[in-house]
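Below are the structure tokens for one structure; questions will follow.
Labels A, B, C, D and E are assigned to the chains in the order they are written; within every chain, residues are numbered from 1.
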């Protein structure tokens, strides 16, 4: 990737915002808006890739934008973990763009300019979170992400959509302002800095008990990581159009949450210090509980998107567990799982959307035999499901492998058992749709018009399905980057 | 009260006396109790007495409302500009020494001028306020006649 | 010593003002109160203040109140409730003031802080400084001239305010409906 | 200080309390304004008594007078009286307008804030 | 001309201009001269601030040396507040033109003259070094303010004005009682001189009571919690421009006077030991924060909502003072400045809505976001600032307040501040949701976007909110200097 120009971190973050502004200005011309969406996502991907070479070489490009108050700068730095998140978001955005265009146009939605502008802002905010050099910068972009996705969730404007969106925003803002913000202030007062540093900044400044409280505040404050009991927003947000659920609630928003959790564990607490905190285990068990409980709920969901949403809740808990096990291997597993689950889950959402677009079916129980009419979609669904479950030859294997090894190393037998149980549950709720679709006959009276969704939708989901398979072979890149975190 | 002949006659003597007294405390303020404010009140009281006896319209013919309003602003401006003269002539604001060559003369000149400003403002503002209060009643009555219930 | 008789009389009048529901009587009693306090000021050597209080309190204020009474009901409605709160506030204020007096310097003593600092300068220097025998006038118009300018502007502001409020001709007819006959409850 | 000295101050304080009570407890707006005047006048007395020197006289320079009372409080109270009458005038003007707008000047009858009685008709000015 | 000779003219310019403006006919010239006077005052205040940061400036009126005469005595604290007051006037006047032409169509000369008097009064209170002069200029500004509020077109404006008049006068009289007691104990009215002479008579019951009366008196003008009753209606029914100006200035100046007396005249050490000021102010501040925010959450009248929010914000400032530390005072001054920026922007946006649709009830602005996008966006952005989102001015002051609370070891305050911020989120969010997420009620007429004359000043204020949220050198620097000037009593000695 060395042939790509390396721009400053701020520029990377600004690209989507500029794109959003241009989309807003081009409100009249739908063609121009499409063009800008494409260009922006492409430029964004290139800009992110341009950073890869330097990061792989062990550098950390930094940029101080402005120091608001002494010790409180807006600053960016591109370190390996953020790079993983940025790569995930940028690569999936460019796939999601055609899907979103195809879906929104064919689904007959209106106010597309607002939709795509907010979409771009959300991606820019995700990049801002990925590249934030300190907690304050991260917090700002975290809130921008929450607020900018509200119009997306409430896009249809119906009472139900508004209600869902209100729950969504309410929980995210409440947790971040009531827990995260005080935790950040506490950190600043205790350490005098908010800057991320390898190995953490808290060690030596706080006692284990205080640090435990701080950990609680931070982890529950990161509402986007959907730890129980603050997971309700995720199913609520499923009222959104599917491209939103796909990109934002499989990638940008939820991954931002777990990314923050990982970042906090690695760069604020530090794994060594984390291991000394007694309350870490408590949070760990909360995450483990979330993992299992969400899976159990998912099994009972007949609505496909709701099932996927609870699956997401469960999978996010994997990553939080990975962060809290406080071993290197588990943390590496957590970082890799961000990518693997991202690709797998976006495929599943794309498929759910494609099914809805083609047949207006939303329930798992309605999917009988649909695989015969929509073979590509359902095949992709299978691959995505396998990736999330962690079965070869899908990328999900590697991340789960590391996570399980980490749990074993840390000696947490309960967590280990939970991983295994959860994998079984994954199979139990992800495979039935596929089995119904392919093995059961199509019910009587289905219109002959039922066929694959438009190409604009099918191609992206095929790509992401393929991507999750490629990741099985190309897992070296995320692994390498995660190792650099500890270099 | 307008019909009361005796009152009118008494007032005819009294009002000039009141005015004279007002002028006395205005310009004799440095030597005896009194000054701009008291003088203004007394002059206004004389005018109000006139208005009570001869009617507001007659009183407003002596000093129209608009004139009062302008004089009120004139009074404060006189004060402020006297103060400003101190700055223009090389001193501080409200510094009277630079106004005239003699020290005592300068101070007395300044004091008399600003007191006069106060007096004018006070007298006119009091008259103005009285005018509005007194006129309100007749305005209400006019309103009732226009639209009987 | 201040004239105790004057003060006692004032207390009686003040209580009467509060108790009466006849606003006309209240205005008249207030005028008397002002005159008495003017007398008190004179006793306290404050000639200028006495003159002013007599002209303002017994004169202008009373005339204005009477002018408004011509427009509104003469009798106050009996008030109900919330006197307890008022009483509490007043008692606390009074207690604080009494507390404050406990350490006040002796009344009228020539070596009070107020008589030995700043004040003597005016007494001794106002004639040499400006040749004005009335020290009050000297302090008012020269030493503390900016205060007096502020005072002039306060009056000016009041004039403008009344002009803005009442220079407009009334339009609403509501006042007519609720003006009950005045002979009721003349207690 | 002698009890007698206290007594004078205390009577003045009682006057203040009566005035303040009249402002707070009375609902009638004219009564409130009268109360305000009572209150302020009593404060003026307190202030003026600060300047009194026993055996002194009015601070106007005369032959044969040695002791003068302090002129400074007098000046301050002159100003304060003017301020007081200005407040009275504005308060009364407001009372007149309230009488026109509401038909009463009993504050108690006017209820509180929140309820909406629609925008007041626009006034004709001039 | 040295800056010290120019300094008093930031008060005198509007004062003198008021006499002129009162005589001007028509609709243009009164406004233009008023704006000119406000700009002059602002420029002079802006020039004064750097000089005052270096050394205390003193301007004796009539060339009589204090304490014989009256002086204007300016250090970092009052130079900062003066710049704030004059600046807010100059910034809000461009907004006023169109709005006042509608709300006060006739006799604008008197209206603008009253405005100038209110402005000059506030500036006079701020700059003066004489305790009684504070009272006089307080009354100038109060009288003018009562009249300005009564200009509101809703009849409740009259009632609000009258109630404010009663409470304001009681407050001013309390101040006067305090000054009288101080004078009886020291024989002087000059604040710096008082500061020198008070230690001799400290810990007398009279001085204690004087402090109490002054704090309560200014608390009334400041709308500190139990004394806030006048504020919501006064803000709600005054003409929009008047609300904007008052929200930006009046309570701040009252707080400044209170702080000046507490720290400079009495000395912070004394004030906080003799009266339980720390605990009382903290309790009232916290109660104000909560009660104000709480009531604001249920208001459907946007101006009342913002007015209650102001009560809450005053609580923040009082809380900062109650911490009795350099950090706390810095936070209080910062919040004075930043809250002025925020509230002026918010009230401008609300006033702009009112200008167009004639109502600011929550149910009447449903769906307005599409028809007046610029106005509502300005409201939303200014709303971010009152919530305290980073990169806005509101964040900076809350951050400092939190640091000050933590420094004093009051951890629980951090939690409370965060909770009240959440309440701010709620009341701002209600508006945003109504404006964008709901449909325009059926049958309501189409609305055009507001005229540029209203939008441009509003957006300027919004931009300033973000500017001062990012570039904090001026605000933090001046606030720190102000706090130091107040705490270091030595700096004020002649």
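The definition used in the following text is that contacts are C-beta pairs under 8 Å (C-beta built on N, C-alpha and C of every residue); 3 or more make two chains touch, one makes a residue touch a chain.
All values derive from a computational prediction rather than experimental measurement.
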Touching both subunit B and subunit C (chains): D, E
With subunit E removed from consideration, the chain sets that still hold together: A | B, C, D
Number of steps on the shortest touching-chain route linking subunit A and subunit B: 2
Higher-contact pair (C-beta pairs counted), B-E versus B-D: B-E
Remotest chain, subunit A as reference, centres from CA atoms: B
Chain at the geometric heart of the assembly (C-alpha centres): E
Subunit C and subunit D, separation of their C-alpha mean positions in angstrom: 4
Distance between the centres, which are taken as Cα means, of subunit E and subunit A, whole angstrom: 45
Averaged-CA centre spacing for the pair subunit C and subunit A, given as whole angstrom: 73
Distance between the centres, which are taken as Cα means, of subunit D and subunit A, whole angstrom: 69
Where subunit C touches two or more other chains, by residue: 47-48, 52, 56, 60, 64, 67-68, 71, 97, 101, 104-105, 112, 114-115, 118-119, 122, 133-134, 136, 138, 140, 142, 144-151, 153-158, 161-163, 165-167, 169-171, 175-177
For subunit D, residues contacting two or more additional chains: 20, 50, 58, 60, 72-73, 76, 78-79, 82-83, 86-87, 89-90, 92-97, 101-102, 120, 123, 125-126
Overlap residues in subunit A, where contacts from two or more other chains coincide: none
Chains that touch, pairwise: A-E, B-C, B-D, B-E, C-D, C-E, D-E
Subunit C partner contacts - residues on subunit B that touch it in the complex: 25, 29-38, 41-42, 44-45, 48, 69, 72-73, 75-76, 79-80, 83, 93-94, 96, 103-105, 107-108, 110-111, 114-115, 117-118, 121-122, 124-126, 128-130, 132-134, 136-137, 139-140, 143-144, 147, 149
Touching residues (chain side subunit E, partner subunit D) in the complex: 105-107, 132, 135-136, 139, 143, 146-147, 150, 153-156, 158-159, 161-163, 165-166, 169-170, 173, 176-177, 180, 183-184, 189, 232-233, 304, 358
Residue numbers on subunit D that touch subunit B, as the complex places them: 58, 60, 78, 82, 89, 92-93, 96
Residues of subunit B touching subunit E in the complex: 69-70, 72-74, 76-77, 80-81, 83-84, 86-87, 91-97
Complex contacts: residues of subunit E adjacent to subunit B: 5, 8, 12, 15-16, 19-20, 22-23, 59-63
